[in-house]
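Heads up, the next two complexes both have subunit A, just with different partners, subunit B and then subunit C.
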Partner chain A sequence: MSTTGYYELYRRSTIGAALMDSLDTLISDGRIEASLAIRVLETFDKVVSEALRDKTSAKLTFKGHLDTYRFCDDVWTFIIKDCQVNLDQPSTDDSENNFTCDRLHIVACNSK
Partner chain B sequence: MSNIEAAKVYEEVVEGVINEVRQDFENAGIDEQTLQDLRRIWQSKLSESRVARFTWDPEATEAPHRTEISAAFSGSGMECQHADGSGQPSSANNGNMQIPGIMIKDDSNDLGGIAQAANNDSQPNGEKDGNKDIKQTIELTMDDPSGDMAEQLKQQAKQAKKSALLETDEINSDLDDTDDEYVNFGEEENGNDVNIMLCLYEKVLRVKNKWKCNLKDGIATINNKDYAFQKAQGESEW
Partner chain C sequence: MDIQEVVRLINSLYSGSSSTILHSVQQKLQKIQRSEEGAQLADELLKLENVSDQVKYFGALTYRVQLTTRSSTEEQLWTLYQGNLIHLTRIIVIFLSNPEGSHGLNITIRKLMSNLALVFTNINRLQDSTRAIPTWPNPINTLVRLLSLCGQHNVNRWYVGNSEVSSVIESAITAEVPYQELIRFIDSDPWLNKFILAFTRIIVGDMLKYQSKGTYLSHVYEVVHDHIYVSTMALINYNLEAKMLPQDATTNKYSAELFECVREWISYISEAKKHSPHGNMDLSEAFENLIRLMCTNLDNQFPYSRDILEILSDVFSFRSSVVTQEILQELESIFLGVSYVVSSQAKKTTSLGSHDWMLSYMNELVTNALFDDLRQVSDCFVDFLQICMSGICNRLFTQLHASNTDQSQQYVKFLLQLTNFPLVPVLEESYSVKMVDFWYDLCESYVQLPSESLLPDSHDLAIEIFSQVVQIYLPKASLINKQKLLQADLDGESKVHEFDDFRRAIEVLMPMLWCVLGNSKLSNQLILGIIQKQQDGSLDLFQIECMAFMLENIIVDINLPETPSICKVIYDSDFFHNLLFLLKAGCIQSPTDISSQKLKLEYVRTATNLLSVTSKYFHVDQKDLGHVIETLFNCLENSRKFNDTASSEEIEILLIKTITILCKNCREQLLPFLEIFIQVTQAMMYHSSPASNFIREKLVRSIAYIIQASAKQGAEIQGKYIDNMVTMIGSSVHDSDRDNNLFLLTSISELGSGLIQEYDDPSVTQYFDADPLNLRPKVLNIVESRCKKYPTDPAFIEVGCLILGKTLSIDDSDPHFLKFSMSEIMNFALARANTCNLSTGLPYLVYLLERLITHYKATLTRAQFDYIFSNFFIQHYETAIASDPDLIESMIGFINKTMDARPALVVNSSYWDAFILPQFLRYLRAKEHFTISAVTKFWTKTVKLKQQSRDGGLASAKLITSIGDQLVATTMYGLLHTHRSEVFYYAEIIRALVANHPLNTKAWLTAVLPSLCDNPTAHSRLLASLFLTRGSIAANDTIRGWWLQCNNLPRMD
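Right, the complex of A and B next:
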């Protein structure tokens, strides 16, 4: 089972940060080694990438004022202000799927 | 709840990771219990974040959270009273401080002074120490609903730390400015970027100042709710 070749970017998400916190707790309690924690995170990179690729169906659109754009090391970063987000996902009522936020930070890696 | 898909994906990710690392845990000689504890801690941290509703969520997540905050604050209230006890005339506010369930707001507009005092201790580890050292009057008001308090404490601690940091490094050189900018930059990055979208891009197009991007396989945290999406399209003007 290979876990290389997956982006680490999802570690910044809520679920990734929660996992890192949990691993930190176990390491500082002396229950696992750091090397095992790294292995868990690599597995997380793989599982979350595959889950987002295969298990999601929602479509999202957004509009806003592009405040900052950056393209560095094959990674796009956008900061969008006054952003209107519209989420189109199956089998939910429409009312909660439109919302706005003052500032949205987007980090996107190359899909190829 | 509009973000059921994110919750579903998260639940699958937790199960998937736990199952896939089981062999690694065995190889490292770690028992199953530790693996289950990892799952439990991970799940409870996700519940605490309240970015979505999970099947493992305890029924009332609201109550313990509130208690935690108010406990923290009555603690800091006691400290303030101590500092006040040094001969300062006590204000009417102090009497109300003990009322249970009411939040106490440390309203001393003197963060600089606190930071300085903390600075004398070489390591500022919170405003509590600062209050004790400088023995100054602290005004207490309690108009805040519980939601804002944690944020406020954090801000104050951050500010105290920041001022302390700047003063420690002050050598009256032009280069001091860079520290200032660095700290401010960090605050901006951490403080305001709570709405974040992590994803892959397929195409990014620009015509003059109009940008279009096609994104996919993303997780977004917006307004403290998480969303997972297969595809996203964005249009924006620079």
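Right, the complex of A and C next:
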């Protein structure tokens, strides 16, 4: 609805970090201005957020013991212990779809 | 600056020239835009006549560049402010003289408005009374006043530099425009109305962008609240009341701009509320007007309903704080016909009872099959219910509010009716789809209510309501609806996926409803649904599937052997018979068309999933176990005859997974069937069975689970079974087919995995340690022979390593037939290392060696470690490892793993000084991500050795004395030249150095930094901050700041 800013958290994903590295190279080579790089990243924030919302159907369910939770500055944080994770994706191997972890850290923000 | 040349450049910029030319043109134009002449250029470009719209837009863009780069002084700001206002006024007046032919000017007008929005924010953000323009209270009034005056003047005299115009502008900055004048103004021309709406929208829209970047806007919120809000609400409400006449709906020029303006203001107010007390601005009148327009019904025409429902849906989803209780009350009355929302005021004379509109609108949508619009209504409605959730729950179930029972019943009845909307879910209606979340939340809210607040009959009421919810959703989730979707001629499969999501949502809802309904009213009812026959005695597949699908998610959390109430219902019924009927319908019945093939797959999936989760039932009753196993094998054998290849492969995977789970959970109960399992496996091994290797491997693992249970009969019996299996596997493959030979090894690995056991009878351990049947030599012989046959095939090395390392992660006291000695493992690994292709084989060998080191860490000697390191790494370093980043990573990873297990092995190695330190120091300058990641971990561990033990402390001190300066210099060099995403890795080493050797590190950093790059400010800031920071985040930030400054790059994260 509005043009409010999107979260920058996906910049820390592998694809976001790779994009920033590439933009750094372009700036260092004098091929683009820093301001354009920032614009590219802002567009990335928007697009990745929309793509994750609209173009993904994979689902993940988990069960575990909620150890810690907090809500600060519109960001939820959950730490789940002894967590059993199930991925909803076609696979021949159970171990690829079901796994356990000692500690699962979830950071959740409002969708924009 | 030749203006014609600039115009030529701009036109070439938009003419689609080659990228080289574009780049050069861009560079030239950007240089001019940023220069001192930028403002003059903007003015010249905007003044030009008979030029393209792009040229004018470029003029407005140039003003923007100047505003962001050259507006620090009073004079600069005033010039830009005047220029933007003069040209905005001029261009609007020119536009009004010929609207049809001036559409291209729209983009320039909006850019100039956006520029002025920035000026507005900048001026009011500071509120500096010493400035020439201390505040700009209301840009709307200024523009209205200037447009009125410009219209009276000759537009040709309206140019920058005209002192008369300057003084007009000066007086317009604080102009007050009374309400009547404002209304007269927008009434005078529809375009003026649109432009003023656009201007106010752009101002708050841009403010949202600045706010999201963390700009301090406290004063601006105040100015907006005191001035622009007042004018805008007058504009919006006047437009909503006077300009949106139903009969003009189709020709209305304002509606799009007006609704866009309303949306932006709602967004702005909801955000501003979070940041400032001046964000509290009432939108009630606007909402009242919107609701009135929404409910407009002109002979079953609903001109504005769609747009306004879209606005309301967004409000309920994200911005519910802007709606008052009175508005909620009114909407509840419209949506539900009854209102529970408590108003702090007395009931207002609003259109309570407009529920008829809702029914008429939905009726119209259904009649005309406008399913997208119907979906929109349901979205809005359910989002509305979600924000009233706690109130609804309290009204229905608690004593907190005195409520009328009839009203409650009517309320619930309406909600249930909507959920039970009589069309196909997803395909035609989405009420039931959206309402799943509502019922889930309502049930959760009810469950969490304190018992003392509940009404006496609330539990009965909850059971009644949620039982009805179950009865509504079961037929909705039936695959008969998926069949309709599959048979409908749809573009793509998105609707089918949506239906699958809907089913999963109901599946998640069921366990929540179970909290209220329990086994007697839900689990057992679902089981009864599975066993129920139709009147003619036949079984309804769709019903069985749906019940089984829902039951699975409930049973999965129930320990069946300890739940006699469910076991009894299963025991007394044809539960497994009907479940196997469903399974057989999916596996061994021919499909009639493509859609039925897809549904058959669902039958199999549901039946196998439920069989898996009910497997522990056989702990208490085994009467159906044989039939279940027999049917599963029958389906496995024959499913290919009745299904296409892709489907049968998937079906086989589902079947074998179920068999494996049954064997894992019912080992002892399946012992009597062990011979049958072995016979089936033998048949699959020897004959040309169509079953894939995957199926055969999993079958071996299943048997292994049962064999594991045979230990109770004695170690000799178990040993005999294992021997038979190894012999059978070993003698089953004689051909030279690579996949069959690999299958042989994988089967042994699976057999080993299935036999990992914790067994407290030492005689079993002793038996397998003594290995009277020579199982280990047999297995080793099979593995060696296959690995020799395919010496360079990494898949054989991988599985061989898995077999040899199978017991390295289990306790020595646990029995296992694959407990190889260290020398056997080493010999195997060395033989492979000498014959394999290291680039693909070494990583698997390193995996085996890492497990070996971890297992034998207590007893391993320095000489043994040196032997391993020499034979697997040093010998092959020059020929293979040095040129392969993956192998370098493997080598460093091996050292890191050993450092974790027992650092002394590495630190005291003869290769520590001779090879590891110098080479790993060199790798700090590497460019490959994985090398950097591994080697920085190594150095961080090494520097931190001081914290681990006295020996470690000595080694660390010695290291720092000898190569500390080189380590710091190389780390900083590597850091400076690395990518942004890798800075973090180097920062870890620097943090470790600063924490463990602060004095030395400071001296070395001071010496090395000037030689790396000429940026003394950055260096001194790094040195000053680094030794003061506490915590990893602050230190990483400091180091990243240094990296950014030295590389002259912007901060992006």
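In this text, the second predicted complex is superposed on the first by the 98 of 112 C-alpha atoms of A that agree within 3 Å, B and C clash if a C-alpha of one lies under 4 Å from a C-alpha of the other, contacts with A are read in each partner's own complex, and residues count from 1 in each chain.
Please note the rule applied: contacts are C-beta pairs under 8 Å (C-beta built on N, C-alpha and C of every residue); 3 or more make two chains touch, one makes a residue touch a chain.
Keep in mind it's a predicted model, so treat the numbers as computed, not measured.
Shared-chain residue A:Leu23: touches subunit B and subunit C both. Touch criterion met: A:Lys59 reaches subunit B and subunit C at once.
In the superposed model, A:Ala34 makes contact with subunit C only, not with subunit B.
With both structures placed on the common chain, the touch criterion links A:Arg12 to subunit B and to subunit C. With both complexes placed on chain A, subunit A has more residues touched by B than by the other of subunit B and subunit C.
Annotation: subunit A residues 1, 12, 18, 21, 23, 31, 33, 57, 59, 92, 110 touch subunit B in one complex and subunit C in the other. Against subunit A, the residues of subunit C that register as touching in their complex are 23, 30, 205, 208-209, 211-213, 263-264, 266-268, 271, 314, 318, 497, 501, 504, 650, 653, 657, 694, 979-981, 1047-1050, 1052-1053. Subunit A contributes residues 1, 7, 9-10, 12-15, 18-19, 21-23, 25-26, 31-33, 35-36, 39-40, 43-44, 46-53, 55-66, 69, 71, 76, 78, 80, 83, 85, 87, 89, 92, 96-97, 99, 101-111 to its touches with subunit B in the complex. Within the complex formed with subunit A, the subunit B residues making contact are 1-2, 4-5, 8-10, 12-14, 16-17, 20-21, 24-25, 28, 30, 34, 37-38, 41-42, 45-46, 49, 51, 192-193, 195-202, 204, 211, 213, 215-223, 226-238. Considering their complex, residues 1-5, 8, 11-12, 17-18, 20-21, 23-24, 27-28, 31, 33-34, 37-38, 41, 57, 59, 90, 92, 94, 110 of subunit A touch subunit C.
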